[in-house]
C-alpha cells in the first residue's frame, strides 16, 4: 500500500490519543506536560500533511510554526508553574494536588 | 381629579416613606414607626379619596375608556429593527371596580399592620423599610394595567416578604421564609413565560398606526389584536393557550394558595410576626385571585369557560380540605392559616361560576376575608404578645380574664363562620348563589356548603378551648387589650359590621365591572376560540 | 292609622331590643344597673306589640302590610337582565300574634330573670343577650323574605349559642352551645340550599313573588322533584331549629343554659321558629314534602315522648316534652292542619314557658338541684308555683278546659282526617300514643316534684316560695293556658277568634297534580297576593276534619286520662313499682333513658370520623402533600438518615421544592468535582465522545 | 514498496513506539529520552511531507528547547540522588477505555472513512522563502501577536519562577 | 497584502494597538521606575480609558483587517464590526473595574513587588480577548485564546504565598492545554477539509461542497471543547470552580466576566460567520445543514445551567459558589445562542451588559468582606448584613440581580433571553431554564439568609467601606437597580451593536 494521507493521519491520531492518555494517566506533572506536547505534535502533523496532500500552499506549515512557538511558550510557563508547585508541595504528583474540590 | 396622579401616589408614597426611614439616624430609629404610620395613613386617605371620586357606572375590565384615574406614560420604548419588534412598555395604571376594593383593602390593612408593628424593636429601620416596600409592591399589583409593570410589582414584594418573615419571624422563620419565597417564585416564573408568550401573540396599534407587540393587558384581552401565528394566539391552530392558561393559573394558585400548592401558607403564617401574617392573609393571598380575575379570565375567556368546573373543584377542595385541616390544628395561628385556605376556596368557587353574583361574591369575599382574617391574626397576635404561646390547649377561660378582647374575638370568629349580619356571610352567600346558579358546578357548590358546617366546627371549638371554660391559673395576670389594640381592632370590627349590614357600599363599587367581566366572558368566548381549542 | 305607621312601629319593635343589646353590651361594664334599660325596652316593646296587634285586628284584619327595599342591586346582569336581592317585612295576622307572644314571654322572662339570675357576675350581659335574642326572633317573625328569615334564623342561632353557653365556665355548657350551633348549622345548610334553589329559579326571595311564580306553573328547574326537594330542604332548617328527628339532639343539651333562657328560647319561641318557617312556606309544599314533614313530626314526637318517660332531670323531661310537642306542630303542618299548628304553637308557648319558669322556680328554690329524685312534696312549700305548674301540666296533657286541649285536639283531628284521606294511619296512631305518654310523663314529673315526701330533707328545708317577680310570670302564663282566651266554647276551637278570623289556612300554590287533592279548594282563589286568604281547605278536608273532631276529642281525653291515671298509680299511689317495671323491660328502659343512643350513634358515625378525618388530613397535609410538593421530603429524610450532614442541611432550612432532586443531582455533580485535574480530563474525553455520538450524523 | 514508504514506516514506528513508551514508562527519565525519539520521528515525518523549515524548527525548538526544559523540570522536581524517579499512574482503566474508543473512532473516521481533498502535489521545494513571505504578509498579525505572546510568556514564567522571599516570609 | 491594505488594517485595530502600547508602557515603566509601582494602576487605567474612548468613537467602524494576498473574496483575519465592538466595550469596562478592584484587594497588595508583572499579564489577557472578539480566522482565534489563557494561567497562581493559588494555576494550565490541544486538533481537521482556517472560506466551503459530516462533526466538537473551556460550560467546566476558588479574587472576577465575554464573542462569531447561510427577515439564522448546532447548544446549555445551579447549592465558599453561579449564567447565555437568531445573540449582549455589573459587584463585595474577614466562607457571614448594612444591602442587591428578580437588571437580562426563546418557540427549554432560576434562588438567598436572618456573632466584623470603595460599589449597584427599571439605553446600545460584518 502506497503511503498516502491516511497513513499520516493514522500516526497523528495515534499520537493525539497517546498524548491524552499520557496527560490522564501520569502522576508526575512533567510527564503530563510531555503528553501535552504529544497532542500538539499530532495536530502539527495534521496541518502539514493536509497542507501537503491538499496542496493548500504553505499555510499549514505556517500554522505549524506558530504552534511550535506556542508550545514552547506554554511549556515554559507550565514548567514554571510546576516548579512553583514543587516549592510548595515538595512533590509534583498531579493527582495529589487536590485541595480545591468539593 | 383630572391629572392628579393618585394611583402613583398611592403606590409610591410607601417608597418615599421607605427612603425617609432609611435616612433617619440610627439613634432615632423609633421615628420609623411614625413615618410608616404617616405613609400608610396618607395611603388610607388617598384610598378614600379614590373611592369617593370613583364613578360606579364605569365598567373597566377590558376597555381603557371605562377605567378610571388612568395614568399612562411611555416607560420603555425601544425602536425596532427588521428582525426585532419595537419594545414598548407603558407605565400604565388605572382602576376599575375590581381593583378599587383591593386598593382600599391594601391601604386599610397596611395601616392596621403598621399599628400592629408598634412593638417591633429589632432593627426597626430595616423592618419598616421592608414593610413599606412590600406595601408598594402590593398596591402596585392592584393598579397596574401593563403586564410587565404588574409582574415587576408582583415580584417586588417577594424579597421584603422574605426578610420580614425571615428576620422578624418565629423559631422556624428561615424555613418558612425560604419556602414562601421558593413557592412564589416557582409560580411567578411560569407567569413570566406566559407573559412573554402573550407578548409575542398580540399587537397593539399605536397612535401613529404602527403595530407593536404589547404588554398592555387591555390589548391582550382583545381577540382582534392577536396575530395569526402567535404562540398564544387563538388564530394559531397549534397554539399553546391551554398550557399557558394552566401555567398562569398555577402561578396565581400558589398565591391563593390553592390545594395542593398551599403548604407554604401554614408555615409562613406560623412563623411570620403578627403584622406580617396580617398582610399576608389580608392582602397577599388576594393577589392570586385578583390576578386570575384580571389576567387569566379576560385573556383566556374560552379556556376559563372550559375549565370552570376544575376551578370550582379546586375551590371546593380548598374549602373542605382547609376546614378539615383546621379542625385538627393545635396551634392558634396555624388554625387561622388553614381557615384562610378554606375561605379562599370560597373565592375560587365564586369566581368559577363566571356569574355576576358569584364573582361579586368572590371579590367581596376577597375584601371580607382580608379584613376578617387580618382581625383574626391580630387577635392571635394580642394573645401571643401576652402569653407567648399559641397552643390552643394551653388556654381556657380567657373570656373571664379578657372580656373586651373576647368580645372582639367573638365578632371575628362569627364573621369567619359566616354569621349573617357580619360581612363574611354576605360574600359567602353570594358565592353560593353564584355557583349554585350554574348548572355545571352546582354539585360542587352543594358539597362546598359542608364548609359552612366545618367552619362553625373549628371556630367554635377554638372559641371553647381558648376562651370558655375555667380560667387557667397561669393566665391570671393577662391584661385586657390596650388603646393601640383598640385602634387596630375597632376599625376592622366596624368594617365587618358595616359590610355585613350594607354590603352594597362595596358591591356597588364593583358590580358594574363584574357585570362587564361576565359580559366579556360570555360574549368573547367565540372570538377567542376561533381555532384550536 | 296608616299602614306605613304600623309598619314603622313594627320595625321599631324589631330594632328596640337590638338597641337594648348594643347599649347594654357596650356600656354594661360602666353602669351595672343598665340591665334595667333592657327590661324597660322589652316592656315598651310588649306594649307596642299589643298596640300593633289591636290596630291590625281592628283595621287591617284581612290585609297584609308589606314593605320591601332592594338590599343588593346587581344591575343589568348579562344574559339575565336586572337582578337584585330584596329585603322586606310583611305584617300579617300571624306576625302580630307572634309579636305579641314573643314579646310577652320575653318580657316575663326578663322579669323572672331579675330574681333568678340575681348575683350573676355577668348580669348585664345576660340581659343584653336576651335583647339580641328578642331582636333576632322578631326578625324571623316579621320577615317577608326567605333571605331575611335566614339572616335572623342564624342570629337566633347565635343568641342561642351565647345563652346556652352563658355559664361557659362549665364545660358541659360550652359544649352544649357549640353542639346547638353546629347541629343547627346542618339544618341551616338545607335551608340555605333551598334558598339557593329558589333564587336560582326565580331570582327573588320574596315569598309572595316566589309563590306567584309557582302558582304560574313555573317550577324550580322545571321539575316537580326539585319543588319537593326545595320544600324538604327548607324544612330541614326547621328540623334543626325546631329540634326534629334526627337533629333534635341539641335541645336537651341546651338545658345547660339558665332556666329562664330555656323557657324563652328552647321552649316557647326560638324552637317554634322552625314551625313558623314551615308555615310560611306551607303553600309551596307538595304532597310528597308534606308527607315527609308529617312523618318526621310524628316520629319525633313519638321518640321524644318515649325518652321523656324515663328522664330524671326535671329540665330534661321538659326538653323532651318540648321536642315532642314541636313534633306535633310539625306533624300538624304535614297533615295540612295549618291553623292548628300555629294555634298549638301559641298555646304551647304559654304553657311550656310556664312549665319551664316553674321548673326554674323549683330549681331556684332547691339551690340548683335539677334531679327530680331529690325533690318531692314541694307543693306545700311552693303553692303558687305548684298551682301554675299544675295548670300548665293539665294543658299539655290535653285536659279539657285548657288551651292545650283545644290545640292538641285540633292537631289530632287533623291527623286523623289525614289518615282517613290518605291511608297513612300510622301518623294519627303515633299522635294518640304520644298523647297518652305526654300525660303520663308530665304527671310523673308533677308527682315526683311536688307530691309525696321530700327525698332530700336538707334541700327541702331550705326551699321556699319564689318572690313576686318570679311568681308573677308563672301566674300570668298559667292563666293564659285556660281556654277562655281562645274560644268561648271549651270543646270547639273553631269557634274561637284565633281560628275563625285571625289565622286562616292559605291556598296552596302547588300545581294540582303535585298536591293532595284535599288541599285544593273548589272555591276560586282571590288573586290579591297581599291579602289574607280565606279558608281554603277543600270541602273534602273540612268534612274529614269535622268527622274526625269528636272521635279525636274523646280518644285524646281518654288517653290523657289514662296517662294521668297511670302516673298516679305508679308514682303517687305506688301500685306499680316503676323500678320493677324498668327492670322487667330493662332494654326498653335503657333505650329510652339513653335517648335511643342517638348521641352515641352520631358520635360514632359523624363526629368522630370527622375528627379522625381531619387529623388524618392534617397529617396528610403535613407529610404527604407537603412532602410531594416538596419533592418527596420523605425520601429526602431517608436520604438524610444515610448522611447526617444531609440532615443538618435540611434542618438548616433547606427542604425545598426540589430537595430530593437537587440533593441527588447535586451529589452526582459534586462527585464529579474530585479536585483531580486528570479526572476532569477523563470526563472531558468521555463527554467529547458522548457528544460525538449524540450529535454526529453516523 | 518504495523507499519513501519504508522511510515513512520507519519514522512512524519510531514516533509511535517512543511515544508509547513516553506515556507508559514508569521511569521519568526513560520517558524523557523517549520523547526525544518521538520528536525526532515527527521531524522525520515533517521532512517526508516536504516541510523542511518546520522540520528544522522542530529539531531546534522541541529537541533543543522544550525537551531540555522538560528535562530540567524532571531534574528540578526530583531529588535524583535520593529518590527513585519513578512515577505512578492513575485512571488506567477509564483512560484505556475512553481513549481507546476515541482513538478507534478517530482513526477509523479520520484516517479511513473520510475522503480528504487530495490534489497532485507539487514537487518538494524549499519552503523557507515562502514561509518568510507568508509570516510577514498574510500572517503578520498572528506573527506580531505571537511576539507579544512570547513576551507575556517570558514575563509570566519569570514572575512565577522568581523566588519571593518577602512574600514567603509572611 | 500590500502596504495600503496593511495601513487600512492597522487603522481598524486602533484599540488593540493602544492596549499593546500600554502593555509595553507598563513593562518599561516597571523596569525603569521600579520604585513607583504605585503609579502602575493609573497607567493601566489611563490606557484602558483611552482605549475605551477610542473604541466608542470607532463603534460603527466596520471592515476586514489583514486580508491574505491571494484572497479571492474580500475577507481577512479580523472582522471589525459593532458586535465585536460591543464585547470590546464590555471587556474594557470590566478591565477598568478590575484595575480598581486589584488596587483594593489585599491579595494583590501583598504581591506589591510584582505589580508590574500583574498588570502586564492583565493586559496580555485584555489583548487576547480583544482579538478574540473580532477574529475570523481559526488560527488567530486559537492564538488569541492562548494569549488569554497563558496570561490567566499565570495570574491564577499569581499570589504564590497561598497554596491554593498554585494549585489553581497548575490545574488551569493542564486543563487548558489539553482543551486547546483538542481544539487545535479540531482546527487541523477543519483545515484539512476546507483548505483554509478562515471562517468565511469555511462558510463558502460548507455551502459549496460535499462534506464528510461525521469528520466535520468531530472536528467541530473538538473545537467546541476549546470554546467550552473558555466559557466554562458543562462538560468542559471542571476547572472553573477549582480555579475560581484558588485564584486571587480580582482574577476570578475578571475571568468570570471578561474572559467569558470574549469566549462568547468568539463562539457566537464562529457560528455566525462560519455556518450561517442567510439571516431571514425575522432575524433567524438559517444554518447550512452540516452540523446540528442547535441540538448541541441546547444540550450543553441545559446541562450547564442545571449543573451550575445544583452544584452551587452546596457550596460554602462564596467564591466557589459564584464560580458555579457563573457556570449557570453561561448556561443561560448559551441558550441565547442556541436560539440561533439575532434575537438570541442580542439577548446575550443585553445579558452580558448586566451580568458584568452585577457579577463584578458581587465579587467586589465578597472581596471587601474577605479582606476583613480573611475568609470567603458563608458560615462567617452570620448577621453580617446587620452589622455592615451597606455591604450587606449591596451584596444582596447583586445577588438578587443574579437571581433575576425584578426590579433589577438581572431580570431584564433574563427577560430578553426568554423573549428570544419564546420567540423561537423553544418553550420546553425556556421552562427548564426558568425552573433553574428557581433553583438558583436557593443559593443566592442562602447568602442573604446568613447575612440577615442569622444573628451576628462576636466574630462578625463591622466593615467600614472607604469613600472610594463606597463610590465604586454605588457605581455598580445603582445601575443594577436603575437598569432594572429603565433599561432602554442598554438595550438600544446592544441593538445598535448586533450587526455582524460579513455574511
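To keep things simple, chains are lettered A, B, C, D and E as they appear, and every chain counts its residues starting from 1.
Here, a residue touches a chain if its C-beta (ideal position, glycine included) is under 8 Å from a C-beta of that chain, and two chains touch if they have at least 3 such contacts.
A quick note: this is a predicted structure, and the numbers were derived from the prediction, not measured.
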Neighbouring chains common to subunit A and subunit D, by label: C, E
Most widely separated chain from subunit E, with each centre as the mean of CA atoms: C
Chain closest to the middle [Cα centroid of all protein chains]: B
Chain pair bearing the highest count of C-beta contacts: A-D
Distance-maximising chain from subunit B - centres being C-alpha averages: D
Whole-Å gap separating subunit A and subunit C, where each centre is the average of the chain's CA atoms: 96
CA centroid of subunit A to CA centroid of subunit E, Å: 26
Mean-CA-position distance for subunit D and subunit C (Å): 101
For subunit B paired with subunit C, centre-to-centre distance based on mean C-alpha positions, whole Å: 37
Interface hub residues of subunit A, defined as touching at least two other chains: 16, 19-20, 23-25, 29, 32-33, 44, 49-50, 54, 59, 66, 70, 73-74, 77, 81-82, 84, 94-95, 97-102
Set of subunit E residues in contact with two or more other chains: 139, 143, 146, 150, 153-154, 157, 160, 169-171, 174, 178, 182, 189, 192, 195, 214, 218, 241-242, 314, 438, 442, 449
Multi-chain contact sites of subunit D, meaning residues that touch two or more partners: 90-91, 94-95, 99, 102, 105-106, 110, 116-117, 138-139, 142, 146, 149, 152-153, 156-158, 160
Contacting chain pairs - touch in the sense defined above: A-C, A-D, A-E, B-C, B-E, C-D, C-E, D-E
Footprint of subunit B on subunit C - complex, ascending: 25, 29, 71-80, 83, 147, 150-155, 158, 161, 165, 168-169, 171, 174-175, 177-178, 181-182, 185-186, 188-189, 192-193, 196-197, 199-200, 610-611, 613-615, 617-619, 621, 625-626, 628-630, 652-657
Complex contacts: residues of subunit A adjacent to subunit D: 2-11, 13-22, 24-31, 33-35, 37-38, 41, 44-45, 48-50, 52-55, 57-59, 61-62, 64-66, 68-77, 79-84, 86, 91-93, 95
Complex contact set, residues of subunit E against subunit A: 139, 143, 146, 150, 153-154, 157, 160, 163-164, 166-171, 173-174, 177-178, 181-182, 184-185, 187-189, 191-192, 195-197, 241-243, 245-246, 314
Touch list for subunit A against partner subunit E, complex: 12, 16, 19-20, 23, 29, 32-33, 36, 39-40, 42-44, 46-47, 49-51, 54, 56, 59-60, 63, 66-67, 70, 73-74, 77-78, 81-82, 84-85, 88-89, 94, 97-102
Residues on subunit E engaged by subunit D in the complex (per definition of touch): 1, 6, 9, 20, 23, 27, 65-66, 68-69, 77-78, 110-111, 113-114, 117, 120-121, 124, 127, 131, 137, 139-140, 143-144, 146-147, 150-151, 153-154, 157-161, 169, 189, 192-193, 195, 212, 214-215, 218
